[in-house]
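Quick notes on the structure that follows.
Letters are used for the chains, namely A, B, C and D, taken in the order the chains are written, and counting of residues starts over at 1 for each.
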Amino acid sequence: MIDKDMIGSANQAAEADLRAEYDALGETLSRRGVDIEAIKGKVADYGVAVPSWGVGTGGTRFARFPGQGEPAGIFDKLDDCGVIHQLTGATPRVSLHIPWDDADPADLNAKARELGLGFDAMNSNTFQDQEGQALSYKYGSLSHTDKAVREQAVEHNLYCVELGKKIGSTALTVWIGDGSNFPGQSHFTRQFERYLDSAKAIYAGLPDDWRLLTEHKIFEPAFYSTVVQDWGTNYMIAKELGDKAQCLVDLGHHAPTVNIEMIVARLIQFGKLGGFHFNDSKYGDDDLDTASIDPYRLFLVFNELVDAGDTPGFDPAHMLDQSHNVTDPIESLMNSAMEVQRAYAQALIVDRAALSGYQDGNDALMASETLKAAFRTDVTPILQMARLEKGCAIDPIAAYRKAGYRAKVAAERPESGAGGGGIV
Amino acid sequence: MIDKDMIGSANQAAEADLRAEYDALGETLSRRGVDIEAIKGKVADYGVAVPSWGVGTGGTRFARFPGQGEPAGIFDKLDDCGVIHQLTGATPRVSLHIPWDDADPADLNAKARELGLGFDAMNSNTFQDQEGQALSYKYGSLSHTDKAVREQAVEHNLYCVELGKKIGSTALTVWIGDGSNFPGQSHFTRQFERYLDSAKAIYAGLPDDWRLLTEHKIFEPAFYSTVVQDWGTNYMIAKELGDKAQCLVDLGHHAPTVNIEMIVARLIQFGKLGGFHFNDSKYGDDDLDTASIDPYRLFLVFNELVDAGDTPGFDPAHMLDQSHNVTDPIESLMNSAMEVQRAYAQALIVDRAALSGYQDGNDALMASETLKAAFRTDVTPILQMARLEKGCAIDPIAAYRKAGYRAKVAAERPESGAGGGGIV
Amino acid sequence: MIDKDMIGSANQAAEADLRAEYDALGETLSRRGVDIEAIKGKVADYGVAVPSWGVGTGGTRFARFPGQGEPAGIFDKLDDCGVIHQLTGATPRVSLHIPWDDADPADLNAKARELGLGFDAMNSNTFQDQEGQALSYKYGSLSHTDKAVREQAVEHNLYCVELGKKIGSTALTVWIGDGSNFPGQSHFTRQFERYLDSAKAIYAGLPDDWRLLTEHKIFEPAFYSTVVQDWGTNYMIAKELGDKAQCLVDLGHHAPTVNIEMIVARLIQFGKLGGFHFNDSKYGDDDLDTASIDPYRLFLVFNELVDAGDTPGFDPAHMLDQSHNVTDPIESLMNSAMEVQRAYAQALIVDRAALSGYQDGNDALMASETLKAAFRTDVTPILQMARLEKGCAIDPIAAYRKAGYRAKVAAERPESGAGGGGIV
Amino acid sequence: MIDKDMIGSANQAAEADLRAEYDALGETLSRRGVDIEAIKGKVADYGVAVPSWGVGTGGTRFARFPGQGEPAGIFDKLDDCGVIHQLTGATPRVSLHIPWDDADPADLNAKARELGLGFDAMNSNTFQDQEGQALSYKYGSLSHTDKAVREQAVEHNLYCVELGKKIGSTALTVWIGDGSNFPGQSHFTRQFERYLDSAKAIYAGLPDDWRLLTEHKIFEPAFYSTVVQDWGTNYMIAKELGDKAQCLVDLGHHAPTVNIEMIVARLIQFGKLGGFHFNDSKYGDDDLDTASIDPYRLFLVFNELVDAGDTPGFDPAHMLDQSHNVTDPIESLMNSAMEVQRAYAQALIVDRAALSGYQDGNDALMASETLKAAFRTDVTPILQMARLEKGCAIDPIAAYRKAGYRAKVAAERPESGAGGGGIV
């Protein structure tokens, strides 16, 4: 963990300027009828989960260039996640990936308690073969033509649930790579029927207070077709399975030009939005840092979420899911968590009464300007003040760098190899 | 109509070569266990509907370059459709667009009888304002914020049904341009709720033996969001409305790279594939001639249709929907109808037992080759023989050109102006 | 024109708040080492040209829904452009489109002088047929297979130059619709050779102090291939023609996912960036309001422009080019001009020394954050103060609405029809 | 190698049917004025190079699922390439990738001679770090900000040339992963200048009879920008370097919807088409089997190549470049080589005189039909006859399976691990 005094003294040096900027912003917002304190309160309460695998350096199918001091196992990873939350106060939960993070639940709970962390959704893995695994997923997992392979994949998912129950998780996220690389390779309908059968078997093993979150993705690792290719198919899955099944939206999993915020609205409308994997992308599932490419798009997604805020039972899971190939993963995750907060804060200050009026009056320009006025607002002082008041760092990246955490763990942890592509 | 003797003598000149090629193909297919006569019979029975508006020259938002002898009204259009069917034997029905084709049903029926044609799905138009129309669709129609506009749009659709009942149609196709050009302009959920209300009102007026076919489209004429943007939303509509509501797939209405044949399979699986608008595209809704850009994609769609052939109650509507900007529309429609037949014939000769085996055995290469072997087969002689035996032209384009039909109608019909973009 | 007193009193009411926000922003920027006055000065000097056709309501190939009080001719259009510039102070020049805006140069000059406007690049039109035109552009213009058609198109361009010389223009923008709708329709190489020949003939008629700006576009109105399909071909044209030929970048003319700011950088590097058509898009050439869809992308383009600012002879033309289908065109153009100013101001406050250091040190996260820190800055007070000091409106949209300009011209101008798609 | 008698007896069993189909096709083609023997001769002379890495099982960034009997080193790989050529007669050369295939040139030459193979273009690798490498390519190679890294990358390329000279290669293919993942990470212009400097240093070391082939790619492994992102930048490189530098087109390296055959035509026109990496794709750089997704697109590329056939000095390199994730790589490469031959044969039978006439006369429909008539022709018998006459297999896949080659090498070769993504 980072030394608290160091954080404190860095904050102290920056506090006066922050207060000046916070006050100025408060006045500006007040003129627009927005109470900055209320926004700050909601931002302070907000949290986004961190993926355990995100603290390792990612890669591509061409190469992985390891970083210094990469975590060697789940307990190292939790340490890194602890630092992220300590400095930002924005990432109270960690999402585990099994079997990578498999460990004694008691040890996991103890470590998490020590770091002030909890556990978010469990993630199963049937897109890779593990050492000692009886049957291969080369040609599919939950939708494989061979019943034995499907059963093995179902078993693995149920195991994830069992482990999750012991560490306080209440959701299972299922993403699979099943699909095909050639027209004709798979019979679309029979393949999807097999998927549904397997998913039902997993669903049957789900505790009552759990959710099953299924992810759609247009392509990769399959390059002609994917079983759960889009939200349409994902919705059908959730519908077939039952009330505990919902759809998870990863921002990078759609066809080019698709309007993602509209998909979010549709899933909300039909009660099937289960959660998010936040990241950003320009071409495909690029898994870039959240809001690094198109920050307005992220804002528009949060605009839907805030708008739907009062829907009863509406509580989608929020998680980052990125591949950090050229940055320090801790820095990227801190920054991305703050970008998610930023979009949330901006969406909170949208003048919804005015917007509604413009929509009813077909005043497209003013409706657009109402959203953009909120988006343009530099809410950084709100985020910073929320952190200061929680004892976190006004400037987490600077504090992290100053603390020399990376050099310290680099000295302690073994070097990781170049092998293995980056996973997300 | 084209002179029958001219067709006959042209056929006579080509018949010997055709018989030689047909026999050679018959032998090749026989070696693969395929009975050429059975294929020919199915092709001969197959028909695809022609859109009345397709016989006029299309255009873009930049310009329309009129052709010679364009039809001046629905009866001219029916004449042109009659020629297409006379020469190809592949287009027994015409799909009308209201109000463009509004006329006395008795006159329509008489004209159609005279030409040996029937009527396919009715098409409503609430994406344009018509002279004398009380309220404008500038900001939407079935999903407009103003109830009066929505009611006007519903009324128009019900009128189309009334007219259709009198001319033997049994389906209403609804495509609307409703959407938004700016983030914020429309509230996604409230807009879709309004759409659903309007659609239900139309559905309530549908005769028992009719179908309501709704079309999705990702963009254009709205450029930020479209109410029925994809098959996911389209499926929800069909589900909300009832058994008589189904989804219509236009091949050019999807995001780039989307796997369309898979959407077709999903809609079949869930009982909601209502029909097609066939055309081809490279960029957006280009409305190019069917199979002119990616003939293998069309084959893959037909592969799904033939595969699903035995599903009870499975009977999707087949229609061309193209914009002919640089060709003679009659030639393009004849050629496109034959391309649809070609894809159908190729899909019929797929060795489905072998394919199924390769799929079950995860033999991706042979599965792919099984489809490609069928696609590679030049089935032209089958199509030609089917036409010859029906008294149609072996080579419809050549016969049409030789007959001088275009010059003849150009002399009789008034010149059309450049105004007005091309539709659909 | 808008009543000056009205503008003045509206400004007076808003001035105190503006000064407070301007001062607060000044302090924030000062802490970052940025002089707000210097930024304001550059913004005040900046201008973007308005397209004459932009003040009319646009449309799509499906329909055009006319607005109230649309300009009936070039002098009405200039009136509207005058209002835009009066209120924003950001659009000192108008770009004419011939033949739509053809008029006696003396009258054009007198009118422009009266309104305080000048003339920007001339735009030729060989993508439509005009009444009385001898030969049709249905199958192409500058690249047509028929020499006579090419000569007609060249003549028209030279006519635009002649007219432009008399009204103070120094550039000709050439965008053509030439291309093909079918594989095989055109021989790519011979077609491009014909284009180059025609372009050379136009270039030969260009005054020494003029520039020829050629535009590339991936598709529409041609849907299989376009002669000048991308910046690669556009660059070759500029290279073949000579120093006075440069490339014009329309933000909506690229394939999905293409990195436009990188193309801008490449053209700058090789001395061939001639100018811009600013707008925004999500799917194709949507011609939406600038920065309404992806404001960060616009900022990234301006980041390249400001970075290249010191390149000798670097002076690209800036022009809006949008289709206003659902808004009041005057409002959209005012807003878009301010969005362009905004991106410019944000790019000006990028800490380039820091950025350079992060780039050299491969500190990707801080490089990204350096850009985003500038982008996040709400520079609205700078833009407003620049307007206030020039006697323009602090809030141009509000002032325009209050002035009732649209209702006034609607009473005076004839109604426009629905015919004709919107052109951009 | 495969037993010749086995091939012979399999051929014997199929020969009669083949002769019947060949003769029937010969008659059909003769009616169209095409001499089947001439086509067969050209097909027989045609060869496409095989990438050494293609005989290993590929993977994605998520996983690699090893196949049986994968080659353990370059000599195993050459054995596999030998089988491919023995059975198809279509792949006379192998393209090496250094350092993966680094070996004593004498051994390479001896082995190749034994197998009847030659060596095609050399491929360098600066997109991965190799064990013992002094400096990392994590932040780039030829365009790295650090001169020492650039020099290391240049050295490696020169080493590839040296090795290539000793084994009869006459070309170096350079593909790099350099780019950026964040806006701002790299200065576009300075980065490209560094690239050009490095490329010039490599070019300076190129023998007079060699070519430098540079590859462009829109994204992956960099996800915001790539240094050589498209053919425009690639052309500039070739232009800056000199006559021995040309552009290599990989069919999967373009933005969605881009017209690739047109890029091929442009590069031919300006003397800079250096060669191809053949494969197929639906979404991104999917590296699927050639012609498995869009066979008509491959045909259109070959249509350009055959059309340009007589251009003096026109001799682009032809190579396969695929990732075989779910098939036996030997089968995929054999099949893909035959698909390339197929497209070539189809392009050869295009009636170019007729096509030219339709193009000049703007007869778009008949121009399109002229291409499609050639594409529709099932030229399989021509390919088979060419193989039969060369002593290769009429049906290479069947012969390969019957020969049990894979099981045999699986027994001899060590098992490969799951580690490491698939390359290219």
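By definition in this document, a residue touches a chain if its C-beta (ideal position, glycine included) is under 8 Å from a C-beta of that chain, and two chains touch if they have at least 3 such contacts.
To keep track of the chains, here are their UniProt names: A, B, C, D = L-rhamnose isomerase/sugar isomerase.
Because the structure is a prediction, the values reported are computed rather than measured.
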Reference subunit B; chain at largest CA-centroid distance: A
A-B compared against B-D, more contacting pairs: A-B
Distance from the mean Cα position of subunit B to that of subunit A, given in whole angstrom: 43
Distance from subunit D to subunit B - Cα centre to Cα centre, in angstrom: 39
Overlap residues in subunit D, where contacts from two or more other chains coincide: 138-139, 180-183, 185, 218-219, 224, 256-257, 259, 282-283, 289, 292-293, 296, 326-327, 362, 364-365, 368
Subunit B partner contacts - residues on subunit C that touch it in the complex: 59-63, 65, 127-129, 136-139, 177, 180-183, 185, 218-221, 223-224, 256, 281-284, 286-289, 292-293, 325-327, 418-423
Of subunit C, residues touching subunit D in the complex: 138-139, 145, 180-190, 192-193, 218-219, 224-225, 229-233, 235-236, 254-259, 261-263, 265-266, 268-270, 296, 300, 303-304, 307-308, 355-356, 358-362, 364-365, 367-368, 370-371
Residues on subunit A engaged by subunit C in the complex (per definition of touch): 17, 20-21, 24, 27-28, 31, 256-257, 259, 282-283, 289, 292-297, 326-328, 331-332, 335, 362, 364-366, 368-369, 372, 375-378, 380, 397
